[in-house]
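Next come the structures, one after another.
Two complexes are shown next, each including chain A; its partner changes from chain B in the first to chain C in the second.
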Partner chain A sequence: MIFIHCPHCGDRNEDEFTYGGDVEHRRPDKPDAMSDAQWCEYIYCVPNTKGWAKEHWWHVRGCNRWILVERNSINNELRKPDEDSGSE
Partner chain B sequence: MKYSALNLAWHALRNHGGWPPAWRHARPKPSYDVIIIGGGGHGLGAAFYLASQHNINNVAVLEKGWLGGGNTARNTMTIRDNFLYPENVRFHRAAVESWHTLSNDLNFNIMLSKRGMTTVLMGDRDLSDAKRMVNTTSLFGAEHRIITLEELQQRLPLAESPQRLPIVGGIHHPDVVIARHDAVSWGYARAASKLGVDIIENCEVTDILCDAQGVTGVQTSQGKITTRKLGMAVSGHGKRVAAMADVCLPIETVPLQAIVSTPVKPILDNVVVLRGLNTYFVQSDKGELVMGSIAEPYPSYSQRGTPQVPEATIAAILQVFPVFERMQFMRQWAGALDITYDNSPIISKTEIDGFYVDVAGSGGFKTTPLAAMMHADLIANNRPDPLIEAYGLERFSSGRLILERASYGNR
Partner chain C sequence: MSKQAFRANSGGRIDRDRPLTFTFNGKRLGGYTGDTLSSALIANGISIVGRSFKYHRPRGIMSAGAEETNAFVQLLGSNEEPNVLATTLPLYEGLEAHSVNAWPSVHFDLGGMNNFLHRLFPAGFYYKTFMWPRDRWDWYSRFIRRVAGWGAVPKKSARNRYEHRFHHCDVMVIGAGPAGLSAALAAGRSGARVLLVDNQPEAGGYLLGDSAEINSRPALSWISEVVAEIDALPDVVRLKETSAIGYYDQNFITALERRPDKSWVKERLWKIRARQVILATGAIERPITFADNDRPGVMLASSASHYCLRYGARPGRDAVLFTNNNGSYQHAIDLKDNGVNIVAVIDLRSEPDASLIAAATAKGIDVLLASQISKVIGVRRVSAVEICASNGAGDCRRIACDLLLMSGGWNPTIHLHSQSGARPAYDADLVTFIPGMSVQNEVSAGACRGQFALSTCLSDGLTAGYNAAKACGFDTEPKSGPICAAEPNISPMPMWEVPLPKKSSRAFLDFNNDVTSKDIRLAEREGYRSIELVKRYTTAGMGIDQGKTGNVNIIGLMAQITSTTPGAIGTTTYRPAYSPVSFGAMAGADSSDLIIPWRRTPITDWFIDNGGHLDETGALFRRPLFIAKSGETANDAINREALAVRNGVGIYDGTPLGKISIKGADAVTFLDRVYTNSWGKLPIGRCKFGYMLHEDGRLLDDGVTFRLSEDHYLMSTGSGVASVVQKHLERLLHCDWPDLDVYLTPVSDQWAVICVCGPLARDVMQAAATSIDVSSDAFKFLDTKNCQIANINARVSRVTYTGELSFEIVVATRHGRELWDALLAAGKDFDITPVGSDTSMLLRTEKAFIAAGLEGDGYANIYDVGMGWVVPKKKGDFVGKRSTTRDLNKGGPRPEVIGLLPEDGSFVPPKGTPLIDAERNMIGMVTIGFHSPNLKRSIALAQLSDGRSRLGETVTLFTKEKTALAKVCEPVFIDPDGLKMRD
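Then we have the complex of A and B:
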């Protein structure tokens, strides 16, 4: 069990959270201007980083807010992301 | 050396001191006709079929660690064909059959054991889904059938039917087999090596070299090796290796756990699936209960997995099989599974000429011989066999996905 640090609730069990994807994987700014090939790339070429990556997590069974987490996908080690608050 | 009863007796008399190594430990040559990245079942199998079916013997298999040390060692041995979509049913039916002659083809006992699988169905939803699956697979000749509660109890005499679980019946899949996973990679390695294939362990591919015509070679921890045809049979790191050739594969790496108990005497013949509880288990030939579940809820390369998955798996089994209450938990592991967004495999050419991939089997152990054969055929002839046409990478841009629900990656 890993503990995920929620800036609002403190360290909580991981099963209170839902993974929300890599921060680098941004929704396109101008969806209407995208070609089919670009859409395919956006949908299917997700980062899948091995090592440290900044991620969105949703504290769905907690304060229900989206937070930023930095996680090492090799061993699921966590650290606080450099920007302190990513909550919306 | 051919393995036979006579040879076994002869070596027994000599105290088993004189067995030769099963395969040659090769050093890389500067160039090969085909290079396969990944020395698991799929990669070694592809090399074996290139040599045995296509007369391409100047082949190397490059393995980062040791043979069969990746997901070939990290699966639950179960070989099944209960899928939902025609493309997958057809492929997995043929894959199950491809195991039957493997011990003979390789002259290596892969310890194939025909167990049959019994799926426990809970509630009307399970039952109607099961009918759909049985009807679909029967179109392709599978003998799966719905069984009544009485027959279910006969097949699984140890199972109890707790009041709170609405067990309504089951499915019997007579064709499901298990095989000794290590023997698969060792058998392929030995047979391929005998046909001249170079098996190079501790050789990590660090870059894929290309020019305007396509693949030209690979850079490895043991130097540069040139080739015009490169096959990749990598699990867990498929996306990273393909990225070396600037090919973006539509996969994510997710751990899939398994749990093993201490060995006990034979008590369970079938592979048991508790469908609604996302759990299955089987007793191995060594006597351990091998238990598996669904993939982890988030991507990771960690080969450990989260503790809540084994907890839920064991809880599910104990609800229906309280007889196992005092079994000892021995070990637990996770394999790094490459999962596509439609949960179906990729056996395909890529946009780089001469670069082929066989990845994301979503529990690819069960398809090892057939996928390897098809991969070898694709490399040799540069066009996909009709069996794997649907598994091309182009399905992601055309939108013709095969949204399989009957695989581990289901989410």
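Then we have the complex of A and C:
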């Protein structure tokens, strides 16, 4: 059970959170302008980064906010995300 | 009851004034308070405690701790439990146990014939022996199932209580031996919050059964002083009989506490988050691999002396020690001092530490150097050993003995260190694996990092404790450790297999799973080089004991066979749990009624009292499927309720509906983006249906959203998907559209929802003293208004799930039952009929209102379910739109929802029935079928390939019993123009 730092509540156990996916996997601004192939790529080829990645986590059993977490998928190491990356 | 023939008259930590009686394999025996089951068995001279897994060889107790590989028992009585370690089970009055793997008894086991057929059971015999003929596996497996496995699942469910507990601390110390106690003391003195766990009933570790001295006094007096000081520290928690069993990310550690003090809990699983962890888990002595090393009476040297010193239980009368290291001489001397005759010490080495030979000789112990044991005589108990020179010179000789002690060196208990993600390293001097680089905030101290001398254990523990406290911000002056006598290095000689005397001899590596050195050699010959594959092929290290004693010997033997080093072979992966964990402990309090905490609506009690047939219907609600009158069958009740709604009036508890309050200046923009339809023109006081899609175009939910004020909307969702929709919307808002001024609040539990539906619904509303005009002109379909009903503040809306004239009434949850009772009273003259959710499902099927989880499965898009009309022609982007247009771009037939009228009106096609064409290809599937009492015939909805273009055609339904024909029709069976609901 990983130990996630919530900027609003402090360090909390993983079971208070719900995983929300890779931050890089943003919803495209203009889906209509994309080809079918590009759209499929977005929908079905979800990033699964080996190593450090920024992720959304939802503190659903806590403050109910979505937070940014940086996690190393190799060893589950966590670190605070960069301030300029839109972290709340 | 026989007397304890192998019990010393004095000495040890047992209380001879408090005798206990217990039963093992049907025999009543005596022991003392302070005994474990295994020490009591030894004191009674019980040499056979079980039979081995594969060959059913008689086995005795081999060790005195968690590493035990033979002495697993079935605990009987009200606490029945399989595979309990006799070595860690404290004896109690009336304990009842028997051996797990023997039939009919441990002394005469029919499975013992396997021992003579052992050539049939080589490594990987499962894969070899039962491969032909292929179709006989079922027959073989029946036989194998009967003889394989340990213990028996208790017939009755456990009546014991279990619980989970969370704990946070600065420093966690695992193990309360000399290193762990020192560490806990050092860290505790600094003021840090310390948690000290140990798997024994009392602190002290190996010193509880050892003759060592600290500060020139018995070690146990030092221990009692330290324990007293630790227990007096306010921020130190010390747990007894608690095994740390798992080490996970960010210093998250699970520990199993057995028999907590003064508690009704049998076992407690601790979930611990520690800033710093000190592992002081000690070391486990290693067996030596020689022919018949598994005979009852062969025991680890340290364990034998532990039994003698701690429990006054002598594992034998005349013992031979077989060793490869300096560490075991003291054990032989201690045994000799406590009444066990040491006939000889057989040392594999030619030059052990001279002081040890002198000490042994001074005690009258014969030491034979450069010698080895080639043979063990005796099947049910060692009776003699045959000793030969290691170089094969000279004659071998036989020595009579009833106890054979073995000491093949020591393995640091690196399990938790390895579980933390670190890689162990091989130490050639110690001939074993020691902890490698830490990857978490963790440090090993004492014997578990290969520091075996008592003085180093103590100083190592102190240093680790100070450092850990300092890392947490607690700084104190280090004190120097206590003083102990010097000890020689253990200097073990690598010896992975003593040459076997005969081709048929077997030397055991994994006693628990009956894996011999020959199995390892066979695996290597057959090409298995990776130690992970050798493990799986031979099952070595996969037993209940997880190879605590055997694994390093297996790695060493593999290295020897392949002419490399054990370091190059490496270890297998250490995984939780370190010791066996009961299912009860894992479940904690989540058993029986607490597995699922059912949610209730204000009306649930009424249904329970009035014949409601409650069942799970999603989101942890138990709702009535129907409300049966006495003597009614399920079908009777559903038909009666359905007729009442179409012809009279029904009342339905819709409270489980999900409700999300949506507020903010951008609420309309948000709704436009998450629903397929447009929301800009919805006036205040009106509502409409919306279809919500996943981004991949599949139906997520449908429901009604109300506009309550300028920028306040209330969305209702299906009860089962309320939390899914909430997450979906929250994610979009927070992650994708943070610029939108919209706030969501889940309010499902705040409001009770009651629907009055049917042609007479309006009459009931008037009779219930509704404060507004509910006539069709004043209160139109899809209107929503605040009012009072029976003097309760309410919001009423004209929405429907049945296709009838309906009023959906929303009141604060605390008024739900009051409203329900008022409506029942008001509807009495109209024969108002409470309706269950099965009936509701039938009514929606008659109207073909789409259910997202049935007609809209993981493949259907909004056009497939016939709801394409809700997507405005020129609507901008919304979630799921692009995936839907991709479906349209692809072309080709789609599975479209249609209605079915079976030609035989009494045949109700079950959900999932395939539709087939003339070539018997599947072209569709029934999503739901019912007998409609209103139409007096069966109806169904189905997905059918290109269904919309097949209206009027006949298709074939294919069930197990028969095929049936059905006519494809428009998916609506009653009131196709919706006149009734708009009335």
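Note that in this section the second predicted complex is superposed on the first by the 83 of 88 C-alpha atoms of A that agree within 3 Å, B and C clash if a C-alpha of one lies under 4 Å from a C-alpha of the other, contacts with A are read in each partner's own complex, and residues count from 1 in each chain.
Here, a residue touches a chain if its C-beta (ideal position, glycine included) is under 8 Å from a C-beta of that chain, and two chains touch if they have at least 3 such contacts.
A quick note: this is a predicted structure, and the numbers were derived from the prediction, not measured.
Enquirer: With both complexes overlaid on chain A, does A:H5 touch chain B (first), chain C (second), both or neither?
Expert: Neither partner.
Enquirer: Looking at the overlay, what does A:S73 touch: chain B (first), chain C (second), both, or neither?
Expert: Only chain B is touched by A:S73; chain C is not.
Enquirer: Mind working out whether A:Y19 is in touch with chain B, chain C, both or neither, as first, second, both or neither?
Expert: first
Enquirer: Which of the two partners, first being chain B and second being chain C, lies in contact with A:K54: first, second, both, or neither?
Expert: Neither partner.
Enquirer: Who contacts more of chain A, chain B or chain C?
Expert: On the superposition, C touches more of the residues of chain A.
Enquirer: If we overlay the two complexes on their shared chain A, which of chain B and chain C does A:R65 touch? Say first, second, both or neither.
Expert: After superposition on chain A, A:R65 lies in contact with chain C alone.
Enquirer: Tell me the contact category for A:E41 with respect to chain B and chain C: first, second, both or neither.
Expert: A:E41: touches chain B, not chain C.
Enquirer: Can you list the residues of chain A that touch chain B in one structure and chain C in the other?
Expert: The overlap between the chain B and chain C interfaces on chain A comprises residues 1-2, 18, 36, 40, 43-44, 75-76.
Enquirer: Can you list the chain B residues touching chain A in their complex?
Expert: Going by the criterion above, the answer is residues 237, 239-240, 248, 250-253, 297-302, 304, 306-308, 341, 396-397.
Enquirer: Using the touch rule from the top, collect the residues of chain A that touch chain C in their complex.
Expert: 1-3, 13, 18, 20, 23, 26-27, 30-32, 34, 36, 39-40, 43-44, 56, 58, 60, 64-66, 75-76, 78, 86, 88
Enquirer: Taking the complex as given, what residues does chain A use to touch chain B?
Expert: 1-2, 14-15, 18-19, 36-37, 40-41, 43-46, 48, 50, 73-76
Enquirer: Show me the residue ranges of chain C that touch chain A in the complex, using the header's touch definition.
Expert: On the chain C side, the touching residues are 166, 248-252, 271, 273, 421, 439, 695-696, 727, 730-732, 734-736, 738, 877, 881-883, 885-886, 889-890.
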